[in-house]
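Given below, in the form of structure tokens, are the structures.
You will see chain A twice below: alongside chain B first, and alongside chain C after that.
The block that comes next holds the complex of A and B.
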């Protein structure tokens, strides 16, 4: 299944909404959407509520987003991560690294 | 859901020969998506040969191996390389490249087969090494690792591409019970998190009890039993009984046959 990426502004946060599967082929799409937006808002929120599958390239991409935002003192949020996302974050022991919030 | 859709691997009438010797003789079995399937059997019964055929490292002399709906045996070499990207192989001897660091060994399939940025690959490598308990060892050379650590590094490399299926050849052989149990737990955790299918050749009964959803037992190149461990234990087959009771082969035998074998007259 392909990945659909939608980017929009919600208040001070630039929201990157992704739907589908984040894998070796599609994670560069997510990476580009996150990293090109760093510095254009006070923070980035990645809406992961509609993700059916995420592999370790997706996790690494989120870590890269977190690192880039932290370096510029911006906030980086995961919005309503789905169960498959939470499972893989827990397996990688990274679930407590991210600030997780519900999608408004 | 039909059985065909549930199965990730369907093997039918598989025949493999080394020269005149038939090593696998009409193997038929199915492996379900998301299960941990263990191949058991005595030394030299064809377990590792079966594994190498399942992951496309060998071409059989007969039969079919359908993986993800496509017949592996009918694919061109290019198609097989493509299909193998969705599989991971954890070799008995780890098979790490001795001239590369542990991190580069794990990164190799990602660098070869994906368009991921090096910064993404770097994080993925560290995640995989953390999963197998080798966090911080990315700059070590394989020669600087113990046997157990090499096995775990080999597993990290097998997991590099987040495969659908991982094949393990004797994953816990030669490891102490604590490290071996840790590997078993990891196999289980990967199954539960990613729905990963694992095909495991092992002799370690403690490991089988912990990880196996189903077990297949081979003897002399044939399947002699398949099912849950309890179903297999209940079989009234002489080799199954001997295997589970850990009884050695009877000594002695036919002296005339032995004479013919040492004088080279027996073929």
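The block that comes next holds the complex of A and C.
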């Protein structure tokens, strides 16, 4: 399943909304969407509410985004991560690394 | 006598990870493995495939790896074999995953092998002298799931 990426501004945050499955094939798309926007807003929020699958390449991509934003003193948020996303973050023991917000 | 329930050759193309996940998910479902364990096992097999594509072969999509699925009444075995560069032993060691002590210590990547260890009951890695990797991953089948309904 391909990954669909939508980027929009919500207040001060640039929201990267992704839908589909994140694996070795699609994670470069997520990486580009996140890293392209670093520095263009006060922060980046990755909306993961409609992700059906994520593996460690997706987790590594999120860590990269987190580090890129932190280095520039920008906020990096995970917005409403789906159950499969939370599952792999917990398995990797990285769920406490990220600021997670549940949006309506 | 047959060696396996399913045996497939897969091109080392990341595009095919989705179909591989579907195959493994469907197979485990047919054996009555519950959804939580099934999802975890599919993730771990995906990680093993990703390691072959990314590290053993280093990118080209025209190589192959092989997945073999076997079962017995009390276990399921998934074996993945490639002909790529052998992984260094240090990358295959089991390590305790722990919350990162600080953001400067978080390194993206390297999680796949640890996820495999965390999901399967028994994991064996073997590497060839010059080429090739093999990982055999075993799950215990819960007794209750083997009972037929009705």
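Points to keep in mind about this one:
Assume the second predicted complex is superposed on the first by the 103 of 104 C-alpha atoms of A that agree within 3 Å, B and C clash if a C-alpha of one lies under 4 Å from a C-alpha of the other, contacts with A are read in each partner's own complex, and residues count from 1 in each chain.
Quick note on the criterion: a residue touches a chain if its C-beta (ideal position, glycine included) is under 8 Å from a C-beta of that chain, and two chains touch if they have at least 3 such contacts.
Not measured: the values here are computed from a predicted model.
Considered on the superposed chain A, chain B and chain C are sterically incompatible, since they clash.
Judged by the touch definition given at the top, the superposed model places A:70 against chain C, while chain B stays out of reach.
Of the two partner chains, chain C is the only one that A:97 touches; chain B does not reach it. Common to the chain B and chain C contact sets on chain A are residues 23-25, 55-57, 59-61, 63-64, 87-88, 91-94.
Those residues of chain B that touch chain A in the shared complex are 110, 113-117, 119-121, 123-124, 127-128, 130-131, 159, 161-162, 189-190, 193-194.
Within the complex, the chain A residues that touch chain B are 23-25, 27-28, 31, 55-57, 59-61, 63-64, 87-88, 90-94.
Those residues of chain A lying in contact with chain C across their complex are 1, 21, 23-25, 53, 55-57, 59-61, 63-64, 66-67, 70, 84, 87-88, 91-94, 96-97. Across the complex, chain C meets chain A through its residues 14-15, 17-18, 21, 39-40, 43, 46-47, 50, 53-54, 97-100, 103, 106-109, 111-112, 114-115, 118-119.
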